[in-house]
């Protein structure tokens, strides 16, 4: 296994900042959610990589990734449920247009 | 002399009764309360005077200074405190007599003059207050007590001038009188502060070592105090309030603005006389010059005024100038030579109070009869008002300095003192004395001789006043006739020692001749129905006549100072500054807070994406900071 | 330095993931974005395999690629959100975001390089035994994860109920 | 139980009573009973105090008591009075009493109004009895906050603006104050908050230099120190009558009292450094307030600017640092409190009838409402320093005391300040001439009536106090002077 750890990290950094960029610039809730998934994945990769390279004997990072996947699944489910509900009410899921919750 | 406390207590009691319950009383009861209490005060004053002067003199030949009462009223420090008390010495006793007499006469006179007026009770209440304040002033045991009563006198004068408070002129006049004298009192106050600090006491006789130490400051203190005195005594240029003060009821003018309050300044200088002589002779001479100029100024204005009360007012100013001059020409020479002016001044104060009150009360009778102050509405009244006419004539002769009336004696002493000081001063004062005779007889002829005002008489024939009004005239006229023979030198002198007054025959003769010539001139010009000479003179010198008639524009100057300078140039800009700059700054702070909040508010847009951008930026900045 | 197969595979996968992740946030069509995301998720699973975490890779494939992306696609179709993807954010904000992101990216990379990871000691490629994973997951001993596991289970249940409650027609 | 605590307890009981009161007459009953009790209590305290002093009690403060409140910061509920606080308590009690009558007919929400009013007076009384810095500060705030509601709800004119301005400016001042108090506490070694104990400790000079201006400005804002006085005209103009009375009469005195008791007493070296600067400011206040009052057209503005001038004189006298001038300052606080309360009461009563306070629209009131007019003239005369009324006594003590300072700068300031008495006469007489004298041209005004009994009670009570202080000043002067002594002797080292 000759792949240097930094390669993984750079890759996850790219994903992370791609996700951040998407989060900043997208106006569609679903697209934002996609960006969030990217960021989550980037962190998951980091957990796994560090687990493997730093503490190969234990499984903390591994399980963190596992739980992360579970949580993101839950999050996606709830988010999409909300989105559909919002869409049902306002026929739109653009962030700038949804401001009726603001005071 | 414990009973002297009554002199102060009775008027203040009558004031309180009248002020609190006066509105419930009838006019007669209120008037009686005031008059009777004043009657009692007069009796007590005479008793005091008799008892005081009957006392044996001290070993050094002076009268003892008595202080029957003196208690600490307001302590400042151990040494400085305002005391309230009664001080009896020759001049204060003399003043007691003068004030109580004139005030009593005015109280009686007012019964007739103010009959049926609205606010009759208030009038008597104020009279009592004034009498109280004036009496308190003259018996003051220290300079601060004097100041206290000085202010009270000022305020009662304010209230009395503004008695007809629905008349705009009266309101303006009362305000003016108070503010001008108040302004002058500022000088008095600062003078007192200096005096108190350097002398370590407010009494009139500081300790010798303090005097030595503070000798440098004493002329300043006395000079500033004289500013206060000049304000009350209407010295130029602070005299402007006095002519206007004639808006008050005429008996008030007689009491306050002729006989008593206006001589407070003279009294003040006389009271501090020993200090002036010993430590500030130059200041004393300044007093003389101010007095001389005022006397001349007022006499020249009096020659052309048409309102009879104004004429009398300027005559008062002029005569007070005489008294000031007399005090001012005193020198520290031993025996009574140096202090002659002091005696003369007090003597003149005494006689003047009587005949000037008489003149004013007479003028009151005339105004009562013709319902006007203007000379043009009068003329030929001698047939209708014999008593007034005779008494007025006596007063005019007295003020002109014709023997044997009282004015002759006192004025003669003043002129003698002036000649002793310097011949120039003597001649100047003689000329002014002549002017006095001239304008007084101009007034006299204008009122009692000349053409009758038919139009006016048709509606309402003038008639002699009731006895309540003529009685005081007769009393005062009698006093005027005999007062000159009082051996004043035995009672009041500069050094306290007794001596006999003797007339300086040259001076007496000169002043008599001048007076007679002036009267003759006035007779020549004014006695006939028509007055070609006077008109011709007025036409020949229109500017001068106009200027004198307008009192040499002193009122305009005063108005300029108050309206333009204080109101427009100081107060209005200051108020503007306050509203717009100081307050504007505070409002600007509030506005700036609001505005910056408005600026910050859009950042709290509720857009999570915007927040996260800031969040990221924050992280980057923090990271960079950590790296550094 | 010779290039091993592993490195080649990693390079291909990494390139695909990088490209796809950028694509998924820049493309104008949401369906394409979802597709790009799918490829990224596949790639991630591949990385897990390469690290020897086969179980993790399997979960990644089944839950993410299989479950979540399908959910996305469904909701994209349901909300017809494709048609308004083209609305751009304000230029100023876009500029700020780009600057922040680029700066952040380079800063992170710089930090990674300067940190000096001394991890050249490569662990042996040992496949993590799924049985061991299972035991550790429900184990109660020192390295057991029963408690987090339960917590996640409860969380998932709650989310499930919540999602149903929210999406339910009133 | 300490008698001083009753001054806080009674208002609290009053509030309880007010809360329970159901009808208007019950509300009034509670107020009259409570304020009378306070007044009697204050009189009793004065008598007791003078008796103790005459009996040879030489402690700086009498009736002291101290209960620990919060030990870690040494916060105590510490009370005690000397001559200064005794007269201030008497003043407050008189004004609360008369203020009750002055707002007799106030509507609507009478009960709530009196609740806040009583809370305000709780703060005032509490402030004057406290000798603990923190407790003092707390009561100060208690007195401040109800002001906002009282003006904002029951005021007139631009009341929201005025209430906001007043509260914010005073709060700004109290922020400075808090900083200053903490500075004093830590400067004195963080051992005690008790003023008397701190006075015996020494605060480092450099700390004094920093915190003296903070405390002085903090209290000075309340004492209408130029240029922080602008809340006063707006606030007073908008406040309801009794609030104006209490505010100008008592609350502004908190400023002077605090400057003296806290700033000057505890930080004499700071004073030595900053004294001249503040002296210039106060001299400006004195003259500037008077000049500004000359051209105002609203009666309350005139009185507010006059208050700026007179309260400026209080601070001015304090900064002169002589025993006499400081005594004068306390007398001036007392005198100004009484006469300005009288003024505001009368203005309120006139305004209640004519519905205008514009001097240009009023005239000839002397004929229509003689009682109020005479009261107004008396208040005016007291204000311009007529002997026999309180103003004279106070001003003269101040000026005589100030003149004891021999250097040219202080002398010049004194002389400039004395000119204010002339300007005061100008604006007082202007108003009296315009609104009271003359003939009334407004037919509406001709129908108006004179004062009712409740108004008469308020006016007569205040007039009697003003005249009482003016006629018999020696007893107050002696008591105050003795209490000023220890504080001034602290300062005199630096003279």
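Going by the order they are written in, the chains are A, B, C and D; count residues from 1 in each one.
Here is the rule we use: contacts are C-beta pairs under 8 Å (C-beta built on N, C-alpha and C of every residue); 3 or more make two chains touch, one makes a residue touch a chain.
Because the structure is predicted, anything quoted here is derived from the model rather than measured.
Least step count on the touch graph, chain C to chain D: 2.
In this structure, the chain pairs A-C and B-C differ in their number of contacting C-beta pairs, and the larger number is found at A-C. Chain A and chain C have centres, each the mean of its CA atoms, that are 6 Å apart.
The centroid of the Cα atoms in chain B and the matching centroid in chain C are 104 Å apart. Averaged Cα coordinates give chain A a centre that lies 66 Å from the centre of chain D. If you average the CA atoms of chain A and of chain B, the two centres end up 98 Å from each other. For chain B, residues touching at least two other chains, in rising order: 609, 613, 616.
Listed for chain A are residues 20, 24, each touching two or more other chains. In chain C, the residues touching two or more other chains are 89, 93, 97, 100-101, 104.
Pairwise chain contacts present here: A-B, A-C, B-C, B-D [touch as defined]. Those residues of chain A lying in contact with chain B across their complex are 20, 23-24, 32, 95-96, 99, 102. Interface of chain B with chain D (complex): residues 72-77, 80, 82, 144, 147-149, 151-152, 155, 158, 162, 165-166, 168, 171-172, 174-175, 178-179, 182-183, 186, 189-190, 193-194, 196-197, 566-567, 570-572, 574-575, 578, 582-583, 585-586, 590.
Chain C meets chain A in the complex at residues 4, 6-7, 10, 14, 17-18, 21-22, 24-26, 30, 33-34, 37, 40-41, 44, 47-48, 50-53, 56, 59-60, 63-64, 67-68, 71-72, 75-76, 78-79, 81, 84-85, 87-89, 93-94, 97-98, 100-101, 104-105, 108-109, 112-113, 117, 119-120, 122-126, 128, 132-133, 136-137, 143, 145, 148, 152, 155-156, 159-160, 162-164, 166-167, 169.
Listing the residues of chain D that touch chain B in their complex gives 165, 168-169, 226-227, 229-231, 234, 288, 291-292, 294-296, 323-324, 327, 364, 366-367, 381, 384-388, 392-393, 396-397, 399-401, 403-404, 414-415, 418-419, 421-422, 425-426, 429-430, 433, 436-439, 473-474, 477-478, 481.
On chain C, the positions that touch chain B within their shared complex are 89, 93, 96-97, 100-101, 103-104, 107, 111.
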